[in-house]
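Some structures to go through are shown next.
Across the two complexes that follow, subunit A remains constant while its partner is subunit B and subsequently subunit C.
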Partner chain A sequence: MREKLVYILAIVGAVLLAWNLYGIFTVLPDEAAQGAIYRIIFIHVPAAITAFTGFFIALVLSAMYLKTGDLRYDSAAASVTEVSFVFACVNVATGSIWARIIWGIWWTWDPRLTSMFVCLLIYFGYLMLRKAIDEPTQRGRLSAALSIFGFVDVIIVWKSIQWWRTQHPSPVLSIRTGGGNIDPAMEHMIYRDLLAFLLIAAAIVLVRMRQEMIEREIDSLRRLAHA
Partner chain B sequence: MNPLLQALWVARKDLAIEFRTKESLNAAGAFAVVILLLFSFVFDPASPEVATIGGGLLWLCFAFGGALIFNRGFARELPNECLDALLASPVSASSLLAGKAITSFVLLLIVEAVSLFVFGFFYDVRWWLHPLKLFAVCALATWGIAILGAAFGAMTVNLKLRELMLPVLIYPLLLPLLMAAIELTNNLLMNQVTSDSLLWGRVLLVFDIVYTSLAVALAETILVN
Partner chain C sequence: MDTRNFLFMFYGFLAAWVIVMIYIITLARRNSRLKRELDDVKRLLDVKETRAEDRTASLPHGRGSVQG
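Here is the complex of A and B:
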């Protein structure tokens, strides 16, 4: 059942993404000021929202692990965090490419970019911490605590363009601005891409969760053999 | 017993041990002064520009020196299974964590006081123009560093790679606090208190409240196996 779900999510996500890419490159016109490079927004913004959604789900799963002690929540939190980390890297990489074309530089120490970079470092630390602990319950407990501590930075990233005067563009989606900052067709495409990214992310998370569970079973068998 | 009183008893015990052995204090103080010395080779120490980057220099010294203090905070309790004994005692996990944070706070303030004198002496920077404001900035920022340091010191105390993991985990989380402390200290060193100072002051305060609440709430999870 789980395997079928993975295939369904991956195929629907991939087809939707292919359809979206066709629309992005052939239907939507170039942006008046930026030209063709603006199209990177259709990857950059959905990747960011997917990553932040994932970090929030990881926070909830971590809290549930601490409440119940069920290691399945820990596996789920770790899988979601790993996948979200990859999407966060995609967000930073695409942003950097856009910045090179529009600003003429790969990177600037702007509050939005800096806080996002810090976010990457925090969740990289989370992944390192998990590798450094062998005992599953201790690993679950400490990584859950770090997930909760680390989520504070996600809020800072999210709000940074409102709190500071930044070089990073202001929010464009009408859910944050009330509308008027982006053409509705372009905004619609961002949401369609977001859906595709979320489906693909969910498929990868399910695969990763299965690996985590198998890894834990092997580990417990090894411990049993040693005992 | 009142949890705050318990925390103060833990801090009193740790400070008594520390003032007797001075192992963290000497190491952190010496390390901070060495970093200040190394910076003199990076730029011209006689340049008037030093005041504009002085906050950054000082807070990097404090943050790096602090890591030595946090590493020792809980590691000191490992021999003879003292940590297990403390956890088995009527002292709650949150009081134990708060006590360790108070110890780090006091020790780091001492390191900061020494570093400030060394900094003023070697770089000819007049840091005493706004003593009360500078103390407020140091106290707020040091508490934030101390509470996170205590929480992550507890998290990493049983890890094989304790000394490596603590800085990797703690510095990214400390960055908003360090940014605020650096901005405020630079403003005070340059005698330019602006409206932005209030914003950065709020950042320090919110950081302290959020992370102190999280650390106290998660103390049981972090400490008790």
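Here is the complex of A and C:
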């Protein structure tokens, strides 16, 4: 059942993404100042929102683990965090390539970029922490705490372009600005890409959760074997 | 389509897919490693159980016949 769901999510996500790519390159209007490079926004923004959605889900799962002590929540939180981290890397890489053309530099330490860099460090630390601790309950407790407190930085990343004057462009999505900052066709494409990314991310999370389950089974069988 | 900066746009899309693909390859490799480990542990348990049964069978009157 789970395997079937993985295939359905991945195929629907991939088909939607292929359809979106066709639209991005052939249907959408050009941007007057930036040339073709502006089209990176259709990867950059959905990747960021996918990552932040994942970090939020990981926060909820971590809180549920701390409340119940059920290791399944801990495994799910770890899976979601790992996949979200990959999408956060996609966001930073695409942003950096865009910046090389538009700003003339790969990177600058402005509040948005710096807080995003800290975000990557926090969740990389989360993944390393899990590798460093063998005892499951201690690993779950500490990584849940890090996931909950680490999410504060996600909020800072999200709000940084409103709180400070940054080199990074201001918000463009109408849910944040009330509209008028982006062509509606472009905004619509961002949401369509976001849906495709979320579907693909969900498929990968399910695969990763299955791996966590196998790891738990191996651990318990090992304990049995050495008892 | 306006083709200014097309090459860097291509790099951007490429970078995104390379990152996701590398992660998916890592996942696939981890999957096969975990399956191998699971098989190894199950085999270890089977061997352990077989040895325990052999030891029980080699006792003079079986485990249940030992009187205190």
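By definition in this document, the second predicted complex is superposed on the first by the 227 of 227 C-alpha atoms of A that agree within 3 Å, B and C clash if a C-alpha of one lies under 4 Å from a C-alpha of the other, contacts with A are read in each partner's own complex, and residues count from 1 in each chain.
One rule holds in what follows: contacts are C-beta pairs under 8 Å (C-beta built on N, C-alpha and C of every residue); 3 or more make two chains touch, one makes a residue touch a chain.
Treat the numbers as computed from the prediction; the structure is a model and nothing was measured.
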item	value
Room on subunit A for both subunit B and subunit C (clash or fit)	fit
Touched partner set for A:8, first subunit B, second subunit C, both or neither	neither
More subunit A residues in contact [subunit B versus subunit C]	C
Which of subunit B and subunit C A:89 touches, first, second, both or neither	second
Partner chain(s) touched by A:146 [first = subunit B, second = subunit C, both, neither]	first
Contacts of A:128 with subunit B and subunit C, given as first, second, both or neither	first
Partner chain in contact with A:211 - subunit B first, subunit C second, else both or neither	second
Touching partner for A:18 - first (subunit B), second (subunit C), both, neither	neither
Per-pair minimum CA distance [subunit C against subunit B, superposed on A] in Å	23
Residues on subunit A lying within both footprints (that of subunit B and that of subunit C)	none
List of subunit B residues in touch with subunit A within their complex	148, 151, 155, 158-161, 165, 168-169, 171-173, 175-176, 210-211, 214, 218, 221-222, 225
Parts of subunit A lying in touch with subunit C, wherever the complex brings them together	25-26, 30-31, 34-37, 39-40, 43-44, 47, 83, 86, 89-90, 93-94, 97-98, 100-101, 200, 204, 207-208, 211, 214-215, 217-218, 221-222, 224-225
Sites on subunit A touched by subunit B in the complex	66, 114-115, 118, 121-122, 125, 128-129, 132-133, 137-138, 141-142, 144-146, 148-150, 152-153, 156
Subunit C residues touching subunit A - in the complex, by the definition given at the top	1-6, 8-9, 11-13, 15-16, 19-20, 23-24, 27, 30-31, 34-35, 37-38, 41-42, 44-45, 48
